[in-house]
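Across the two complexes that follow, chain A remains constant while its partner is chain B and subsequently chain C.
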Partner chain A sequence: MSMILEVKDLYATVEGKEILKGLNLTLKAGEVHAIMGPNGAGKSTLGNIIAGRDGYEVTSGEVLFKGKNILELDTEERACEGVFLAFQYPVEIPGVNNTYFLRAALNAQRKYRGEPPMDAATFLRLVRKKLKVLDLKDDLLKRAVNAGFSGGEKKRNEIFQMAVLEPTLAILDETDSGLDIDALRAVANGVNALRGADRAMLVITHYQRLLDHIVPDVVHVLADGRIARSGGPELALILEEKGYAWLQENDSVAVENS
Partner chain B sequence: MSSEASQFDQLVAAKYKHGFVTDIETEGLPPGLDESTVRAISAFKEEPEWLLEWRLQAYQHWLTLTPPNWAKLDILPIDFQAISYYAAPKQDKDRPQSLDEVDPKLLETYEKLGVPLHERARLAGVAVDAVFDSVSVGTTFKKELAEVGVIFCSFSEAVKDHPQLVRQYLGSVVPVSDNYFACLNSAVFSDGSFCFIPKGVRCPMELSTYFRINAAETGQFERTLIIAEEGSHVSYLEGCTAPMRDENQLHAAVVELVALKDAFIKYSTVQNWYPGDENGVGGIYNFVTKRADCREDGAKVSWTQVETGSALTWKYPSCVLRGDNTTGEFYSVALTNNYQQADTGTKMIHLGKNTRSKIITKGISAGHGQNTYRGLVHVGKNAADARNYTQCDSMLIGKTCGAHTFPYIEVKNPTAKVEHEATTSKIGEDQLFYCLQRGISEEDAVSMIVDGFCKEVFRELPMEFAVEAKALLEISLEGAVG
Partner chain C sequence: MSAMPLSEIISLDPGFNSNEPDWLNVRRQLAFERLTATGLPVEGSENWRYSSLRSLLRKNLNTQADVVLESEQLLSLAGLEQDSYRMVFVNGLYQAHLSLVPDDIKITNLASEFENSEIDALLGDMPDAADAGFSYLNTTKFQDGLFIQLEKNTLCEQPVHLIQLSAGDVLSNARHIIHLADGASLTLVEQVIELSGQTGGGLLNTQTQVMLADKARLDWTRAQTLAGKSTLVDRVDCRLAAGSQLHCTHLDLGGLWVRHDFSVELQGQNGFIEVDGMVMVRGRQHTDFHTRIDHQVENCTSRENFKCIADGRGRGVYNGKILVQVGADGTDSAQKSANLLLSEHAEIDTKPDLEILADDVIASHGATVGQLDDDALFYMRTRGIDEKLGRKLLMRAFCQEVIDLVEVESARESLGAKLDQVFEEMELVG
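After this line comes the complex of A and B, so read on.
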């Protein structure tokens, strides 16, 4: 199996404050990893650094995507290479039509890959197909990007965008937070539909319930800026039961993920 | 020509003996302003006596005025003696002979606008015809328009062919003494457009005028007059460009709209005068007085403007809601980048009963741009049940620009309802990151976000204009981020 993501001994600061402190993580093609961990541990920070958000300084370590140093690329280049971040807090863009936005994104990525732009009719067919999988309402297409969307609608819209853009690496930052049961299932369907031999996913979550629907290959616990523990899906169940305090008690058995 | 007119000719000829008489057709007037300048302009245009008198009165009054200084604008002193007040098309040798000689940056701009090549050639100063400074598309359709009784011609032609209409309405909305720049315009205006829509006629096509300042050291003072008779309907478009020059050029136009009973005038402007360079050198000083008089009951006027050009914009298209049940609307996008400054807005003067007005403005500032909304909503004591809704939104791109809002409200009738909303937003880093993360380039992201911000105004524009406005915004924002 080929490597999709390799994070090697990553140290990073935000406004002078050290957040990531020697983080290691490896995702192979076809894998889905979950990341759990207490608030403020650095989970979103990790996602933002991989995606290339301004304001984070990598002080040492490496991030390789498909074997290439991704930190050298501009944010939009990373996206075009196949990195997708489903935002913990999706952003509203008033006046910009959701469908128009998504088509602009898709065509920007196609252009990067040297493909011709997708015409409106083909795009619409693609979009309808994806909507069905996600069980989404048509009218989200006609509205402005996330403007006035409910919390759940915003999260669904993220997954919808992911489904259309078909990234190589998808990072889902608490996409399950604030979802009702039906929406949770729809989001899980979207993720599962995209699972495939040449993709990998990093699912950041606080709750085991999402992992009932999206069964991960590996579960990591991110605490205090590094991976404190890794294990199989059962790790999530233990955490749910015992809380993160259990980790400290068992500090000595922290394992490297493989 | 009357004997008096030829006397003026002699007077003028005496004054401008050197290089004037022989070159009159090709060179126009040398810089300078005094009474003889006014007489000369009038003489060139072979104007009737009453119009010359009108101009001279304006000139005399102008001498008593001082430039306004209340706007939030940093204005270099204007030397009115350094400006030429009349520039006829120049000789062929002075013009670029082919597209290759035209400033490539200018060509690039037209290319980006999607203006076709021959059109671009025309706009760039090649093969310029005599009415270049106010080309009227209407000329093309004169016959079709005449069939329904619509008059659409240059202002000079109107003075010749329809003197009684001009005399009746000229200055009836913006009086000679209205303000410093309008007064100057009244004295020295060169040309412009004239539209007359007779009773009950729905104008069969959009009327459009393309203004362009071409000659160096020249001021442009155009005058537009639109009269919509009872029950008529017209949509008028105005576009503006100017070449790049290091010195500031003056543009001081006056636009008067008269809407009679139940008439509707829609007036759209895309203003792209040269804004000066990245360091704030050069650019047009744009001082414009635009006003509509909803003179009789049920009249409606809607102003839409997209202002991306000029070093300095001073402009307040206004509506006098004189008749009962009249409506005024003002939709505006004003963008200032680099060192541009805009002080723009509207005045809605509610005089009649049950009058309505709506103001939607979008100010965008980038670079060191300064963008001011200044508006007045006045409700007179007889304007029972007047309603106004005002929404002013500002967007800041970067940290060195500014947005300012000065809404003035005067309500003299207790039954009036006036609503005002204002927001200021920054192009959030989070919005930008969101777009970039989806693979959209920074430049596209900014124009997409700004375009979304302006949507409410753009949708008021006629289709082709909306496309142009969008393209213009993109060009004007180039280099605003990153």
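After this line comes the complex of A and C, so read on.
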């Protein structure tokens, strides 16, 4: 199986403060990994660094995407290479139409890959198909990007974008937070529909319930800037029951494992 | 006559012209006397503090340029159809062979109406102010302009286009009158364009009188895309009678130095005025927009929505005066000024100026100056949209609200396209 993402001994700071402290993570094609961990542990930081947000300084270590160092690429180049970040807090862009925006994004990626732009009619057919999978309301398409969307609508819109862009690596940062039961199922459907032999997904979540719908291959616990523990889906159940304090009690075990 | 600096041109006595009616000779003389007394506005004057005339006064200007313009060329320049109603002026002079007007409605050129005794009254009282120099200059020199007079309850179904072309380094003075009788309705699309192939660098000094009688309605789009060396001084005086409505949307994309004075007197109850503007300044462009809305009677409504994007060393000035006079109770007025400052060398000066002397008045105003949203840019980039396109989309989004106000679809689309072209040309900065 080929490597999609390799994070090797990554150290990173934000405004001089060290957040990631020697993080290691490997995702192979076809895999879905979940990341759990306490607030402020550095989960979103990891997603932001992979996506290329300004303000994070990688002090050592590397991030390889399909074997290539992506830290050298611009954010939009990473996206065009196939990296997608579903935001914990999706950004509202008043005045920019959701459909127009998404077509511009898709065509930017197609251009990067040397493919011709997709015309409006073909795009619309694609969009309709994806909407069905996600059970998303049509009128969201006509509105401005995330502007005035409810929390749940914003999260669904992230998954909708992912479904249209079909990335090789999708990082979902708490996409399940704030979703009602139906929305959770819709989001999970969207994610499962995209699961495939040549893709990988990193699902950041606080809740075990998402993992009932999206069954991960591996569950990691990110605490204090590094992967403190990795295991199978059962790890999520243990954490749900015992809380993160249980990790500290078993700290020595974690160190031995890593 | 050879080129002459503006500072000298203003001292030329118009003299007595036996080809013109007496009322016009009288008007020109009075204007000349006042111009001699006041000169053009200087920096000391409050209303002109941001707009220095120093280099304009030194500007060498001609009285006319040789222009050959074919119909095809005009239509493509102005984005018009063969059968679009249009009144065309080059450097303030009427171009009958390029114009097309409906024959059942009075749309003509002002000079052809000089014998009409009404014109003097329609031109209104001459302003009497120390800073009205450009208006005096216009009156001493204007040769022609647009004259629209719609009879009671006339509806002009098709939009009428007013095309003003600037060619060469010429001083042009155009004078327009728009008079709509009770219940009449008109859609007017005005364009101030540089004649391509000409060097630019002229001064266009336009003045327009708008009179809307009871329940008349005017929808007016005004787009200016002059070349980078040209200057424009534009004055509009509107008088609105009871229940009349004026929607006016401005788009200023070109010109080196531009000044607008847009003044509205709400003279009858339940009048409605909405004046909006989208101003783009970059390079060393300077655009100064002054509006004055005078609520003279009860229960009128005014709306203003001005936006400016300033890049490079551009400077955008907006001054929105709202006067609610004694007795103008029940006035409802709202004013907004939103601005994007894209470069550290650009400048925005925005000032609401409210004077309220009546009771039971709603008057809201707000001004913001911001930058492009970095979070939105990052969000777009994570989807594959590069920074340049992202910035374009955000700028377009900022402008869209004003563009959407343009009623005529073809004009709305061509103005949107012109905006996109400007964004395309903009340097990608930090």
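Keep this in mind: the second predicted complex is superposed on the first by the 254 of 258 C-alpha atoms of A that agree within 3 Å, B and C clash if a C-alpha of one lies under 4 Å from a C-alpha of the other, contacts with A are read in each partner's own complex, and residues count from 1 in each chain.
Here is the rule we use: a contact is a pair of C-beta atoms (placed from the backbone, for glycine too) under 8 Å apart; a residue touches a chain by one contact, two chains touch by 3 or more.
Because the structure is predicted, anything quoted here is derived from the model rather than measured.
**Student:** Overlaying on chain A: chain B and chain C, fit or clash?
**Tutor:** Overlaying the two complexes on chain A (C-alpha atoms) leaves chain C and chain B clashing.
**Student:** Touching A:122 in the superposition: chain B (first), chain C (second), both, neither?
**Tutor:** neither
**Student:** A:59 contacts which: chain B (first), chain C (second), both, neither?
**Tutor:** neither
**Student:** For A:91, using the defined touch cut-off, is the partner it touches chain B, chain C, both, or neither? Pick first, second, both or neither.
**Tutor:** Touch status of A:91: both partners.
**Student:** Does chain B (first) or chain C (second) touch A:101, or do both, or does neither?
**Tutor:** both
**Student:** List the residues of chain A that touch chain B in one complex and chain C in the other.
**Tutor:** 51-54, 74-76, 79-80, 84-85, 87, 90-96, 101-102, 104-106, 108-109, 112, 144-145, 161, 165
**Student:** Mind listing the chain A positions that touch chain C in their complex?
**Tutor:** 51-54, 74-76, 78-80, 84-85, 87, 90-96, 101-102, 104-106, 108-109, 112, 144-145, 161, 165
**Student:** Can you list the chain C residues touching chain A in their complex?
**Tutor:** 373-376, 378-387, 389, 393-394, 396-398, 400-401
**Student:** Which chain B residues qualify as touching chain A in the complex?
**Tutor:** Spelled out, the residues of chain B in touch with chain A are 428-431, 433-442, 444, 448-449, 451-456.
**Student:** Where on chain A does chain B make contact in their complex?
**Tutor:** Answer in residue numbers: 51-55, 74-76, 79-80, 84-85, 87, 89-96, 101-102, 104-106, 108-109, 112, 144-145, 161, 165.
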